[in-house]
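Take this structure first; my questions come after.
To keep things simple, chains are lettered A, B, C, D and E as they appear, and every chain counts its residues starting from 1.
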Amino acid sequence: MHVVWLFLYPIVALVVGVLFLGLSRKVMARMHWRYGPPILQPVIDIIRLFSQRSASHGRLFDLGIVLSLAGSLIIVLFLPFGDVAPLSGSGGLLVILYMMLLGPLGIALSAGESANPNASIGISRKLMLAIGYELPLLLVLLAFMSRYNTISIVEVVRLQRATGWSIASFPLVVSGVAYLLILPAILAIRPFELVQAPQEISSGPMVEYGGSYLALAKVQHALSMFIGISLSVNLLFGGASHPLIFLLKMLVILMLGLFVNAAFPRLRIEQAIRYLWRWPSLIGLVGLVLAVVIGR
Amino acid sequence: MDRNQLVKWLKAPAKMGHKYSLHAVYFCTGCGIIEVPPSITARWDAERFGVLPTATPRQANLFLITGYVSVKTLRAIIRTYEQMPEPKYTVGFGSCPINGGMYWDSYNTIKHLDRYIPIDGWIAGCMPRPEAIFVAVTHLWTLIDKDMADGYKRYRKHYAAYRANQEKVLRGLDWPPLFPVEEQ
Amino acid sequence: MDRALIDSLSSTFDALRVEVPREDRLTVQAPRDAVMSVLSFLKGRGYDHLHMVSCVDWMEEGQFELVYVLSAYGTGQDSASNPGEEIILKTRIPRELPTVVSSISLFKNAEPYEREIHELFGVRFEGHPRLTPLFLERDYEIPPFRKDFDTRQYVEDFFGSIPPVGEEDQDV
Amino acid sequence: MRELELYFGPQHLGMVGNFSITLKVEGDRVVKADANPGYLHRGFEKLMEQRSWIKNFPMVCRINVVEPDSMELAYATAVESLAGIEVPERAQFIRSIYLELARVGSHLFGLWAYSNMLGFDTAAQWAMYHRDLVLDLFEELTGGRVYHIYIWPGGVRRDFPEGFEKRLVETLHSIGGCVPDYDACFFDNRLFYDRAAGIGKITREEAMEMGGTGQALRATGVPYDVRKIEPYAAYDKVPWEVPTREDGDAFSRIWVVRDEMIESVHMIFKLLDEMPKGDVYNRIPNPFKWRIPEGETYVRCESSRGELGLYLVSDGGDKPYRVHFRTPSYPHGLTILEKALVGESISDVGNIMISLYVVAPEIDR
Amino acid sequence: MAKPSLLGPLRVIKYLFKKPKTLRYPFELKEPARRYRGFHLNDWDQCTGCGNCADICPNDAIEMVERPEIAPDPGEKNERPRLDYGRCCFCGLCVDICPPGSLRLSRDYFHIHFDTSTFVFTPRDEKTDDETFLPAEKYSVLKASLAHRKRDYQGFEPEIDYALFDPDRVEMPEVPPEERKLSFVEQMLGYDREQAVREAERCLECALCEDACPAHLKISDYIEAVYEDSPEDSLRTIYEDNPIPAICGRICMKHCEDACSLSIRGEPLAIRWLKRFVSDTVRNYRDALEQSPGEPTGKRIAVIGAGPGGLSTAYFLRLLGHEVVVFDELSGGGGMLRVGPPRYRLPEEAIDKDVEYIASLGVDFRFQTRVGRDVEFEELRDEFDAVFLGIGLTVSRSTRVENADRCQLALPFLAKNKTEEKCEVPEEVIVIGGGNVAMDVAREALRLQHIRYPGKRTVTRTVSLEDWDEIPATEEEIEEAREEGVEFNPAWGPKRVVLDDQGNIKGLLCMKVNSVFDEEGRFAPTFHEDQEMFLEGRMIIEAIGQGADFSFLPKEVMERIEFTEARKVRVNENGMTTVPGIFAGGDIVNVNLDAVTAIADAKAASEGIDQWLSGGEG
């Protein structure tokens, strides 16, 4: 059973991620006063991209994207979906923290190979942004770890079932707010959609991606969306015992994210970093201190 | 089982993908671009047809050549076209690429675009309305269904001739041939 | 139009032909050498807005005519100039040896205009920092805006010589 | 730091129009910007020398696709002044209404371009939707969505169709009803302020030195507007204000655009109230035999992007001898843009360009 | 502006729950505006093939192509505009210039195709998709994308108030009816220079008139010359085809103006008046024309009749160097034009001006010389190398109703009025006939009455078989006659001339006409015998047509000359009759019975004579 889940789970994550992509396009369209594409449009896009010929720019170019995708897939395995978490025992939050860097790094590796100035600008933005949100994320995760006294995310979820959602419990609410503040950056939505920034740097790292590379990048994007939302549900909103309830919670988070996405333009990278290192980090630090002081 | 039937079935999803996911290069080649923003935004909403503008040619499979093409733009167009991954479709938008249009006697615009890159469909009008873009999209769907949208194949087949014409207009192309050009 | 301006123009410079075709319009015909000094004189009088630099090819007379259109922004304190008035300054230069001093030092926005005239008419502007091509990709034997460049003929000869591709399998 | 050469355009999602800027960047900063126009050069002025006076009317509007109408007006006025044709009073009012409508449409397009550039799709989509409503009005009035060919020497080409005034007012009210939404979501958006304030700053002196007009100049506090200083059509028949701002940055320019749009709508209402009855067209001479007496003229008008000038020479023949358009984007896109980009971040290249409202086809012509 | 805010923008959320504003093509279709400028429509029945659209097109997108399946009406061409949508910019200039208003723009705008050749086609109202765009089987998959050319889907249409051409002609100054009916003063005063230039400017140069003109004058050229303000050039152009401009400029039947494309929705260009303007303005033809007779050839030609045909033949032959002698029984040139048209339409000075110029080229005029009386026809045949018969129709016909012998005939009446002693007229006059001659007679009679009985009530009535819709006189003649006070009684046929006891004419008894022509269009009037009407009148003039007088011809010649079914002299394309050496032209040959057709005949005949004399086939 366990082994089956190991293979099934990433697929579920992928499906959910892609559906979320479709849904987000639909919801955005509504706020734009239009109908938007069919919900399955991203699936069609990905199929189309896989069937197109694509030019490679070298081995690292191929490898990087796979690496990034692998990173995301591994994270997925650590995240409980409802009650199920294929790799629940080991690592947990720390693994996630590390693996979350793998995505940007892989893309950076790959895109760096394409020698397109837009791509290199995009990479630098991506890495800076990753560094930008890693710091508050670390603070948040540390607060959770010290509060719940565990590094396993499954444990966190289990404990919340006893104590209520951590977002509703003091002092974790502070860290929770900090997490929500960096969530747009993790999801790479506006105002932090500055890695792709099609109007500025022609979709940045992806500028040379075509065909199956782009398809993989899209898949990776869908997965990272899943990861970001799933992590917040697990950490802040108590996870769920039933996958459907879990999905519902994810949906709510997604909607909140989309509202923000629809309401703001994108920031410049230095403004983004300044923001991330100021308010979320500050709040995260306060949250950590409170968690350490008030906690056991 | 019939072998052809099998091939057809296997190809069906890809074909479906090509049809319903036409991502257009966003390239304002001429004045026709003025009708593209309305058609991709709230009033007409081309995304319902799966048509989206993309930032780079690598991600696109549809090239809307919007309006007249000056010599300088032709270079960029060929560049862009060659960067697009196959299969790719081109649609000439407005009168000017068909036969010169308004600028039939201008020294600096291309008269027949299909002599430089292959075109799968033309939209008449000056300007064509957004609805015409949608009809062009459905037209392209039909062509893809019937395997008639074969511009990229023609480009391969006649690459030498295309390249010769391109070189004639743009003295010296500063990039190597996309496909090997055999001596004829 | 300010009478005093007209008087001081003609008293300061010789060989100027000043006309007032309309109430709010002044046409000044100056010799080539005087253009810069007239321009700077006018700028000093508050005409600080250079609308455009244009060029007319009077082929039959063998001359190019450079046209500077000036008016005032009307923000200067001391200037009595009215922003609704325009001064058209014209000068004729021979068609064979078309050179003239660049007016960039007085008006920064003259730069692209002069570049354009250089490209499309072949007039040289002395002291212009970059007379590189602005619009055109191809070289033309005659600068295309000259009257002796026949664009219809050119189109027929040049674009007409490009063959269609793949005629034989048009019947897809 | 390493200097990098970066091509912004012509194929670029942030580029409106076929235009390109060659940037020298150090890290994120632009060290030098070279505007590279010519992708849309058709040799308009040469082509116009080959066509008779009337045949140039379908031609002139195509110089600028975003707002073709001011081009029509400039050419029609120049032809009228050379040929001595009178324009009926009602036609003058219709021209003003039409031009203001075009200004609203053009500014909405600019708003689309600008907010799209900032990645702010929502306002962009709304603006484009509203522009389409304006285009519907144009379609009803002139028969074309984009190229109207409506202003004609001697007046306008057709009178208002039946019930047009009512629909005009209704449409403008429905657009005006969304102004609070635009304000809340875009103009008063904190992040819009963060992105635009202080960006692409040009001082009043710089703007004047480099031939700036329109929003580029008005955003520095100079109330310079051809409609006021040399009124044409019916602009002197109704009261209206020239909106200005002091800072000279992208933020001020976009706000000037917003205020202008609202002012234009108000002006249309006033003009509609004052509009007289009567003819709208004085018949022009037979187009096949129409000669215009020898002479030259320079006319100017206020397009949505700044001052538009036209220098027109006739040698007494049936065609213009020389046509030269002074388009507003020309100094904005070639001189001011190159200056304003230096020292800015690459993220703001498109931002600055669109805030200056550079429209490529009217640079290249 | 309010303070920038972070929460305000979240207002967008409210639109999540509102209905989107998108028009969902193809489910929600938006009708294009009423004036939409889409693809072209062309009503082939109205289109005259004038080609103005092709001329005004700024993009060379319109080409006139010949459509052999069309049988053009007179004054039209069988060419129709063909559009190239690879060029067209949908500006609608072609619509605004189209004189018949047949070319319109529809509200259709879809044409999407992979084959560029489909973008060139000929618009037509009743065209269906199948015949226009789908040339071969293989295209049938694409029918949807060519949804095109719906009928009655008109968009931008021509409006005469905004047309690019001027539908109203420059008013011709004329003597008002109250004044002119009191004397024989010339009615039309003629254009002055400025008016002529303004009128000439209206010409669209489509040259439909040149095809319609029997003599194929280069009308647009001489109009252009008038516009350029050089009447001399214009006169030179006219004289290439027409040597009697002063005459034609007054009384030409102006087939050209009927064909004029401006006439379809407006008033035709005043081609005739402009010709008159040219001939009046140029004082000295010789200096203006700088013509001289060609090298003498030694051949001699006799022209019988100095009417338009005779004058023209003489002129053309003289220019070729032949020696020409013109015989006419009248005292001056002009032939029937000297007799027929009243002075207020064609003063003799105008005729003499043209005749004198031709005489000055060396043509020998022998007036008051009637062939058959003063000189024998056989003598002419011996003395001259060729003979041209331009004798015209000189004998008035009679109705031959009871007591018709008491009536006067039109031609003698008119002829006498040309002399100093005018005809005596009573206070009530009846004119039988509905043609132009009848109008002339009636209007002359009316003038004579006014001169003779000043201040008294006088009546002039006309009776014609034809009803208003088929009355043969030109509209303007009728209009002018009515202005002057002539009464009309159309669709009444004369039955009997009623005499009083003294044997003087008392009036005319008429009967109602049922129909004038039979089914085959032949003249065969039928009457309602029971409906009668009595018109009072002391004098009745019959003006119902004329016949030719061939009595001067010797019998053997007369026998050899063949006639057509319409009782006209049969000539070949060179104007030669069935007797070698005898040529003919004018009213005895053609059915138009007007001056310009006579000129056309004369031109053909003079070329034929020249060819025949130089040994070619006649």
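Please note the rule applied: a contact is a pair of C-beta atoms (placed from the backbone, for glycine too) under 8 Å apart; a residue touches a chain by one contact, two chains touch by 3 or more.
Not measured: the values here are computed from a predicted model.
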Contacts common to chain A and chain B (chain labels): D, E
Innermost chain by mean C-alpha position: D
Selected interface, A-E versus A-D, where C-beta contact pairs are more numerous: A-D
Most distant chain from chain B by Cα centroid: E
Chain located farthest away, centre of chain A as origin (C-alpha): E
Chain B and chain C, separation of their C-alpha mean positions in angstrom: 40
Rounded Å distance between chain B and chain D, as computed from the means of their C-alpha atoms: 30
Geometric centre distance via CA averages, chain E-chain B, whole Å: 56
Whole-Å gap separating chain D and chain E, where each centre is the average of the chain's CA atoms: 53
Contacts with two or more other chains, residues of chain D listed in rising order: 12-13, 38, 41, 43, 46-47, 50, 58-59, 62, 122, 125-126, 129, 144, 147, 185, 189, 191-192, 194, 364
Residue numbers of chain B (touch at least two other chains): 41-45, 48, 54-56, 70, 72, 102, 104-108, 112, 114, 126, 129, 148
Residues of chain A touching at least two other chains: 29, 31-35, 198-199, 202-203, 262-264
Touch list for chain D against partner chain B, complex: 10-13, 15-18, 38-43, 46-47, 50, 58-59, 62, 65-66, 109, 112, 124-126, 128-129, 131-133, 135, 144-147, 360-361, 364
Parts of chain B lying in touch with chain C, wherever the complex brings them together: 70-72, 75, 104-108, 110-112, 114-115, 118, 148, 150, 154, 157-158, 161-162, 165, 168-171
Chain A to chain E touching residues, read off their complex: 27, 29-35, 259-260, 262-264
Chain D contact footprint on chain E (complex, rising order): 1-6, 8-9, 11-12, 21, 32-37, 55-58, 89-93, 96-97, 105, 155-156, 159, 161-162, 164-166, 201-205, 224, 227
Touching residues (chain side chain B, partner chain E) in the complex: 42-45, 48, 95, 98-102, 104, 112, 114, 119-126, 128-132, 134-136, 138-139, 142-143, 146, 148
